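Structures for review follow.
The two complexes that follow have subunit A in common; it is paired with subunit B in the first and with subunit C in the second.
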Partner chain A sequence: MKQHFFVFDPSLCFGCQGCVAACINVNHIKGDQQWRKVFKLPPHHGNHDTMYLSMACNHCENPPCVQACPANAMQVRQADGIVILDQDRCLGCRYCQMACPFDAIVWMEDTKTVGKCNMCCERLDKGQEPACVETCFSGALQFVTLETDEEKDDWLKEIIGFDHDKEAKPRLRFVKDLKNNPSEQKK
Partner chain B sequence: MQEKFSHAIPLILFTTLLPVAMGLEIGAALAVCTGEINTSTLRPILYWSGGFSILAAVLVSLHLGRPTKGPTSLRGVLHSCLSREIVFGGCFAGLLFVSIVVAHTAPENSLLTVLLVCTGIFGLATSFVIGRVYDLATQLSWRGLVPSLGSVLASLLTALLILLMLNRDAEQITSVRNYFYLVLILDAFFSVMKLQNYLHLKRNSNILTYPRYQTLVILCLGGKLPLAAIVLFVMQKPFLITFSLIGLLIVLDRIAFYASAARRTPRSNIAGAKDQRMQAALNSKAND
Partner chain C sequence: MEQTKTSYTTCPYNCWPINCGLQVVTHNDGRIEISGNPHHDFSRGRLCVKGQSCFEIVKNKDRLTTPLKRNQKSGTFQEISWDQALDEIAAKITLNINNGRREATALYHSHGNIVQRVNWKILTPRFANLLGITLWDGNFPCWYDVGVAQQLTGYWGLHDPGPTCEKTAALINWAQDPCASQANLTPYILQVRRDNHKVITIDPRVTQTAAISDIHIKPRFGTDVWLANAIAHILITEGDYDKEYVNKHCHGFEEYRQHIKSYPPDQAAQICDIPLKEIENLAEIFAHSKPLCINLTRGALGKHLNGIQMVRAILCLIPLSGNIGVEGGGAIWGESIEFNDALCAEDKRPAAPYPVNNFTAIDQALDDGTVNSLIVVGGNPLSQWPNLPKLRRQLEKLDLVVVYDIFMNHTAREAADIVLPATSWLEELGFRTSNRRIYIMEKILDPSAQCREAGAWMNDLAQRVGVNDYFPWPDKQKCLDDCLQSTACKNATVEKLRQHPEGIAADIPNVPYSDHVFASPTKKFELYSTTAAEFGIPPLPSYAPPLESLADTPELAKKYPLQLISARRNTHFHSFHDSHQVIKTLRTLEPEPTLFMHPKDAAARRLKDGDYAVMFNHRGQGRIRIEITTEVPPRHVSLNDSWPELNEVTATYAPCPTGVTAKYGVGGQPAYQNVLVEVQGDNQ
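Moving on, here comes the complex of A and B:
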């Protein structure tokens, strides 16, 4: 099965929030219901610049939200492993929010359901990239499709401020050859 | 996750009322099995159990964004604990309704005993599953068996209290009272464990979902201990006083349970990493 990954390079991101704005525009969501968020990372050794982390749903390999959802509103797309949410089925119990280790599921007050990144699966089906990736002009946020499991180890799984959940196995990776590699501090 | 604690209020009331309703039914079922109850006493207990169950169902629907979509919650029964809770709870409510009907139409029929026992088993199973629903890998304060057993202990305390009220045999009263003391002491012991766990988590306040309610959690868990002691002293007093105190004990447990929610999120990880960095910088400056 092919798998899609978000690959992020914190040394290139300067926190413009363009990815957040693109996500809001494409998915027609309100500004306070961000599916993608930009976090300010703690300072790293040898680097006094502020560093950022852009993160949305990580479309985990073993998604806890899918396990938790009583209505089967959260489902894994068999073709590529994207975790999609069927809002028509959602009853708004917010149990998935409790189960998500990444706080990636958002309460949508207007629809009284939860909402989350669907990796722009409709755009993917048309051969386009997710809106956030397409908008990121610094190249910090990238999108990669892998066919084999071996290729997954070409990137870092965690940096300071982002712990890789071994049970959920999030599909978010970080570039190894960062200018000021935050993982050096992690070690 | 929703940061407003008010969202948890319907859940606090639900997880208080439903175990009490189940406890009432289990107590009645045990009394029927030991022959300590007649139909005229049984019926009101079943009515109260049914009333509490209906109230609990109404209250729990208030926390749903779309209560009309409630029936869809059975789709995930193969993998979701929440679905299983609804299935067990539904079976309990259905059997309870049939028991009430049979208690009216054929009170002397042995079918009533079988029905009451089956309802009680489903009640106990539901109480257990209510706790297991929250045993999520992400929820640091709710992991494990101890937090899961809160609803079961609530049901058992209510059931034993009902049995004490109905029993007339002095020897049986002593043995039921001993069981009641045992469950009460177990509940108090678990409260101490939960308090210890919470104080451990509290040191890293970034992970608390409701950091403003730290004092409330400590007061509720700490307050359960003197309250349990008071229950021991008022056991001989009218049933209603002991029942109200047990109810208060359960409410305090549920408030503490929901208010003690703690989990690691990207935001808490980043805040934690910042704190570590700050501490390391201060330490190195102090060493220089």
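Moving on, here comes the complex of A and C:
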């Protein structure tokens, strides 16, 4: 099966927040409803002072939110595994928020539903990249599609500050060969 | 199928030297969608956090929609008509003129007005000249002393960042943090690294740019002259400089060579508090990385007491290392694209003792009453000028303060008698110059409520003062076409710009100074500045300690032991949009003034991450939230320049003599960076 990944190079991210705002702009959501967030990572080795992680929904292989939703509002798109939320079906029970291991689902006060990253699936269908990836100035946030179930071996599943959830299997990866400050790799 | 219309404009922020392109899709139900302009030569469809959030501006519930007048008794604002507002302003201007004090009315226009280049360069100066009133320009807080340094050498860093980065072998960001202030430069910086060339950042802080550089040098705050002169010392001692270029095209090399002897590298290493090896490595890069460019795009260095000398010391390294007139070499400052300057009507300006646009002159004019009325166009002095406690007292004394803006700001809220509602960038036709090109700024929406363009109300105001030829054009498009009648813009008209969303190239040299003729009295690059000598400024780049610093004013440092650095992050542009608090995306990301502090200093004050505290000195105080980080060195704190809290404590002192400003039109930046403070937590 085809699978999409957000691939992140923490050595290139300098916390500009462009991805956060691009997501808000493209999805027509309010400025305080961040579907993508930039986190500060805990202290790393070496002399590099602040490390960031840009994260939205990780479109897990076994998404707990889908299992938790009583209204079938969360569904996995069969062709490529994107976890899509249909806001029209959402009852606002917020079970998915409790189930998500990554706190990636946001309460939308104006619509009384939840909201989250749909991987810009409409843009993908038109051959465009997700808006957050397109606007990333440094290339820290990348979008990679694999045509098979196999995984690239030059990726990491976790870094300091992000633990891979073995049950949910998030599709967030980290480049092993950091473009900048190689000493920052998880040792 | 739904009909949509695609138009092009630029980002409404005013970063320098590049403004990114916007594409605006208008749906037939009136909705608009804003994204990056993929045709833009430099930004290529990418937008930073501010550009992505600008969709919040036009329909914002906090926009000013009608003229307001302050009720002097209650202090609150009441709606008035444009006619009443302009009548009252005209009455004051006329009274000043009739009293033989035309200079007593001052117009201060700043970045909000600079967004529309034609307002900044033509229409507002034209207004001030034809009426005969004082004109101050918001470039003075931003970069003016960096301009003086360039003027004194005769060399302006007219290189454009994009093509320069593409061809350079070494990029030095000297006291610049483009990843924060001009994030669209990031791909170009990384391109330098991908080509196996070096990116060097020189800054006492770990800036965002430092984080993606090959080399980060952290000289002690304010010692840049020592660092630059020590590099020159090594280059000259080792004979590793471009002798032919210096002999042919530089003025005063012998004096410079003698002068540089008093900046030996080992002593520089001590003063700058960095290993000697780092200075030697830098000199090695200057000697052997060809071409080499220095990014000096913004005014951080100009905010030092000794800023002019710092920038001159750095500029002198460019001819010394043979980097003038070559692609990929030189100083990156930003090109200058001139319009039809005759339209400014400077020749029609009535003679009067106008206080020049230098903060020393401005401060004095407000103190002694030379100016009694202030019209602020797209600016916010009560956030961005220094020493706000003093400025507040000065503004209180004025007879009239008018603020024209799209949102309320600190100046309007605290000091304005009349507030005028401005159009946003999507509501007026204009053009923008950026990266050697001219871009259309299409009028996409009708003005909201009673919002009016600056040129429109200035015309009505001019007529009330008896000036009838301010806006002689039948419409804005004809006006813009007339403004484009210059050598640099001769290939552009509004109609042509509309057909070229990728911009129209200005007619300016590809490689600045390839003729090696400089804008100095000797027509050479002046290592020894003849003009500086004339004005009593050291003619050779010389070190002087900061106005207030830990090492140089030890008595003051006992009371206020932290050096305050004013900084920039991506989430704000100066104090645009009421310090970005009306833009929800940006407010969520940077909701309050945050003081970055080293863990040692926080521990000494028993402050924890996220604590609230008061930052203060003998001038004033501001309430801030503490963020603990090793990005600032010990005994230094930094605060983003968006916040007025910064200027509650800064000093009014502007080192550049007013005579320089009178002669060159630049100079007079206050020493914002030379400030000592103390911080005390709420629980102490």
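The definition used in the following text is that the second predicted complex is superposed on the first by the 176 of 187 C-alpha atoms of A that agree within 3 Å, B and C clash if a C-alpha of one lies under 4 Å from a C-alpha of the other, contacts with A are read in each partner's own complex, and residues count from 1 in each chain.
Definition applied: contacts are C-beta pairs under 8 Å (C-beta built on N, C-alpha and C of every residue); 3 or more make two chains touch, one makes a residue touch a chain.
The model shown is predicted, which means the values in this text are computed figures rather than measured ones.
S.K.: Quick check on the subunit A-based superposition: subunit B and subunit C, clash or fit?
M.R.: These partners fit in the superposed model.
S.K.: Check whether A:C93 is in contact with subunit B, with subunit C, with both or with neither, and answer first, second, both or neither.
M.R.: Touch status of A:C93: first partner only.
S.K.: Considering only touches as defined above, state whether A:E167 meets subunit B (first), subunit C (second), both or neither.
M.R.: After superposition on chain A, A:E167 lies in contact with subunit B alone.
S.K.: Taking C-alpha centres, what angle do subunit B and subunit C open up at subunit A, rounded to the nearest 10 degrees?
M.R.: Once the structures are overlaid on A, subunit A sees subunit B and subunit C at 120 degrees.
S.K.: Once the structures are superposed on A, label A:Q67 by its partner contacts, choosing first (subunit B), second (subunit C), both or neither.
M.R.: So A:Q67 only meets subunit B here.
S.K.: Could you say whether A:L41 touches subunit B, subunit C, both of them, or neither, answering first, second, both or neither?
M.R.: Once the two structures are laid over each other on A, A:L41 reaches subunit B alone.
S.K.: Does subunit C touch more residues of subunit A than subunit B does, or is it the other way round?
M.R.: With both complexes superposed on chain A, more residues of subunit A are touched by B.
S.K.: Please indicate which partner A:F102 is in contact with in the superposed arrangement: first for subunit B, second for subunit C, both, or neither.
M.R.: After superposition on chain A, A:F102 lies in contact with subunit B alone.
S.K.: Can you give the closest approach of subunit B to subunit C, taken over C-alpha atoms and in whole Å, for the superposition?
M.R.: Once the two complexes are overlaid, subunit B and subunit C approach no closer than 11 Å between C-alpha atoms.
S.K.: Could you please specify the touching residues of subunit A with respect to subunit B in the complex?
M.R.: Residues 37, 39-43, 53, 55, 64, 66-73, 89-95, 97-103, 107, 111-114, 160-163, 167-168.
S.K.: Which positions of subunit A touch subunit C when the two form their complex?
M.R.: Contact set of subunit A toward subunit C: 12, 14-18, 20-22, 24-26, 30-32, 34, 48-50, 134-135, 137-139, 179-181.
S.K.: Please name which positions on subunit B make contact with subunit A in the complex.
M.R.: Going by the criterion above, the answer is residues 1-2, 7, 63-67, 69-70, 72-77, 79-83, 86, 133-134, 136-139, 263-267, 269-270, 273-274, 277.
S.K.: Name, in rising order, each residue of subunit C that touches subunit A in their complex.
M.R.: Within the complex, subunit C contacts subunit A at residues 34-36, 45-50, 52-53, 55-56, 179-180, 183-184, 186-187, 190, 206, 208-209, 211-212, 570-571, 583-589, 629-631.
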